[in-house]
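Two complexes, one shared chain (chain A), two partners (chain B, chain C).
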Partner chain A sequence: MNAFYTWIGGLALQGFLPSDFQYPFLVRGFLCVLIIAPILGGMSHLVVTRRMAFFSAALGQAAITGVALGLLLGEPLNAPYGGMFGFCLLSTLAMVYVKRHATLPPDTLIGVFHALTLGLGLCLLVALTRQFNVHQVESVLFGSLLTVTDGDLLLLVGIGIFVALMLVRKYNSLLLDSLSPPLARVTGAEPAYLEYFFALLLTLSIVVSLKIIGALLVEALVVVPAAAARNVARGTRSYLIWSVAVAFVAGAGGLGISTRFLVPTGGAVVLAATAMFFLTLMARSMGRRGPA
Partner chain B sequence: MIATTTSIRRTRVEPFSARAELQSVARAAMAIMTVALMYLITNSATFRDPGTVTANRNLLPFQVLVRDRPPTEQRMFRELQEGLLEAEARRSMTGAWPAVPALADEGIPPFALDPTARGTRYDWSLIQSGTVVNYLGIPRESNAPAWLVLIQEPEPGVPPDQTYEDEEHHRLITGVMLHVSTWAHADSRVATRVTRSPQTEGWTQFYAVGPSAVRHPPR
Partner chain C sequence: MTEGDAATLLEIDALTVRRHGEALLEGVTLRVRRGSVHVLVGPNGAGKTTLLSTVVNQIPFDGQIVLNWAGSGAIGYVPQIFAVDPTLPVTVADFLALTRQRRPICLGLTRRVRAEVARLLARVGLSGLEARPLAVLSGGELRRVLLAHALDPEPELLLLDEPTAGFDESAARIFEALVLDAKRTGRTTVLMVSHDFELVRRLADRVTVLDRRVVIEGTPDILSTEGVRELLPVRERRAVRA
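Take a look at the complex of A and B:
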């Protein structure tokens, strides 16, 4: 990878690319955005349709707890994957199972899990700051391009391909199940299976994006692109395309803002996505006013 | 009137068995726990011989241990630590950071000219902006790295910092806690201006023992 970074850095120094690309961390960040945007953007319209926005928020919090747990169990700061993936995937299974079998409304149950993981995470964080330099932990928990390694990039590529393949394979069933579970069942799909399946895919996508965007903000990137896309899309296909486009533009724009103004990447990406939401909202209202 | 015949397909929809669902969820949970445990066993310091665990595992991509660097960089790092302690002592006494010529006049390395040194010579400068202080060294030869000591003073009016002293936290005798770090940049053509966030400008942070080596006692 070093040869690749040197080559890109050379292009930046010669003026063919923006000067920021002379730094490997920024090249890695841009590659991450290229992969994360289609994944999260592609999932976001299903998240919104299936009303899983709050579920995504709870997963972000669970990821903080997972990282803290992994680090306390001795995982390296650069790769606390065991705790992070393990805890989040188990939390997902538990949330979906309880949601399907309890009589309480889903948002109440997810709220309970949200509170549980957040409380546990806070207690673990106190223990963590006694063992680790707080600045090191901070950048891992809240996301920073500077903490992304080549290993993270490879993992992102691997999970990105896996999630994309699974989504393509089950897309029609997932979409139909999101819109009308009884109809999906009649076509042979099993809504229970699809619910677990999608929740686990979403968990993988969120957790793998964590080091770049941060635990607190990653859920925004699975909700805002779809919300913005919904303002301008005219059909299911354009909904998907707009979601991916908004996520990509927000990712690349946020990256640029973050580097230029030295603000956290996650915050910049989410601000860019939110700005696009309001722009599309304005475009929608102007479009409505126009023909009349 | 045209009569049409439509064949109606009847599908029997049965709810998913709760027992089968629980079994599937339990199996999936077991699989996840097994994989996570395997990862922990192979990567976690808890399950490994302490002798095989390196300090590098807790470094971020822009951080290095000085012992892994060439001797010239190790020497410069040591000199900077010595120079920094001297500068901190003067800061405690006078309330101001000493200028580079003042440190050089007292023979404090690396600011003082060392006639016996065979390495690259550096032009040092003190740059200060608000609570951020930089001692920046730019080499006279382009193939040598630039060096930076970044000192972050507490903002005026903030409560006393209770952080324990370690490699990055130095307490002056006045009680003021400083956040200090040492950086090098492979490309010597760095701008002579205050640097607040060196990692975003391609600088590499140097550690003597690593950021996580100091175990803080419980408060």
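Take a look at the complex of A and C:
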């Protein structure tokens, strides 16, 4: 990878690329954005269609608890994937199971899990500050480019390819199930399987994106791109294209803001995404007011 | 699937559905003959929709439901409720393509599927509506799209839950012709919930009057009997007298 970073750095120094690319961590960050945008953008349009925005928020909180658990159990600070993935997986399975078997509305049940993981996460974080400086944990909460390694990038590529392949296989069934579970069932799909399947893909996507976006803000990137896309999309194809485009522009724009103004990457990315949302909302209103 | 009567496609025995301790259906036993049009009628809350939901295994139940498939085993279904999120950008063509192409529809529709969608829409009198979002369709148009979806590929069992709700006269004529076509082939069995008694008289081979349990079953003529008329809402009673 070093040869690649040197080559890109050389192109930046010669003026063929923006000067920021002479720094390997920024090149790595840009590559991460290139991968995260289609993953989270692609997932986001199904998350919103399947009404799983609140579920994603609970999963982000679960990731904080998972990170704290992993670090307390001795995982390295720059790669607490075991605790994060383990606890998120457990939370996902529990949320989907309880949602399917309880009679309460899904948002009420997820609210219960949200409170549980947040409470547990806060208690564990306080315990964690006895062992680590809180600033060391900050990068996991808010995202930071400085802590992203080549290993994280490779993991992101691997998971990205896996998630994309799985989505391609089941996309049509997932969408039909979102529209009408009985119709999906009569065509041979199993709604329970689809619900677990999609929740697990979402968990994987969120966990691998955390080091860039941060646990507190990752939920925004699985909701806002699709929300912005809905303002302008006219069909399923443009819905996907707009979701991915918004995620990419927000990612690349946030990266630029983060390096220029030295603010957390996650915060900058989410601000850029919400700015895109309001821009598309304005475009929609102007389109409506335009000549017939 | 258990061994069943070859002339019967659907066998329902002692079907009971409870919610919060209250019986929505109790001890319902029903036989639907292969190739027939069988209509369920009854007052609101009689359990008609619940019965269809059990056939597609959507809700838990006690009792036994046996489907004696002899052909494709395909089920076509027009549910009573199909709530579309008003901001969802899924077009009519996208929706109809969902089960007709393997490639994710968000990557675009193939030429073959576009032609197929156009043919399906023409069949229900909605040619040219491919690019219209589902969310802006009228109730009647949406039910015709659902009907187009349910009729292809040719189902062995067609479940229709108040399929003509919101239909204008021409849509109702198209619907009737499609069901009669399916009946003529003998390959499709129809189980339908309907409050349109004129339609029931014209289409049905058998009628079951349901009020959480089977009240009476027979030919469409049973709708005129005194006990049955008392069970039905006023609007339907008028239709029976006419």
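Definition applied: the second predicted complex is superposed on the first by the 291 of 292 C-alpha atoms of A that agree within 3 Å, B and C clash if a C-alpha of one lies under 4 Å from a C-alpha of the other, contacts with A are read in each partner's own complex, and residues count from 1 in each chain.
Criterion: a contact is a pair of C-beta atoms (placed from the backbone, for glycine too) under 8 Å apart; a residue touches a chain by one contact, two chains touch by 3 or more.
Here the structure is a predicted model, which is why all the values come from computation and not from measurement.
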Between chain B (first) and chain C (second), which does A:Tyr171 come into contact with in this model arrangement: first, second, both, or neither?
-> second
Just chain B (first), just chain C (second), both, or neither: which does A:Leu77 touch?
-> first
Which of the two partners, first being chain B and second being chain C, lies in contact with A:Thr49: first, second, both, or neither?
-> second
Applying the touch criterion given at the start, work out whether A:Asp107 contacts chain B, chain C, both or neither, answering first, second, both or neither.
-> neither
Spot which of chain B and chain C makes contact with more residues of chain A, would you?
-> B
Which partner does A:Arg234 contact after superposing on A: first (chain B), second (chain C), both, neither?
-> second
Using the touch definition from the top, say if A:Phe25 reaches chain B (first), chain C (second), both or neither.
-> first
Regarding the shared-chain residue A:Arg185, is it in contact with chain B (first), chain C (second), both, or neither?
-> both
Which residues of chain A are in contact with chain B in one complex and with chain C in the other?
-> 182, 185-186
Of chain B, residues touching chain A in the complex = 11, 13, 16, 18, 21-22, 24-25, 28-29, 32-33, 35-37, 39-40, 43-48, 57-62, 166, 168, 196-197, 199-202, 211-212, 214-216, 218
Chain A residues touching chain B in their complex are 22-23, 25, 70, 73-79, 81-83, 85-87, 89-90, 93, 97, 100-101, 129-133, 135-136, 139, 146-149, 182, 185-186, 190, 192-193, 196, 259, 262
For the chain C and chain A complex, residues of the former touching the latter | 53, 56-58, 75-77, 79, 82, 84-85, 87-91, 93-95, 97-99, 101-108, 131, 133-134, 149, 159
In the complex formed with chain C, which residues of chain A make contact?
-> 45, 49, 167-168, 171-172, 175-176, 179-183, 185-187, 229-230, 233-240
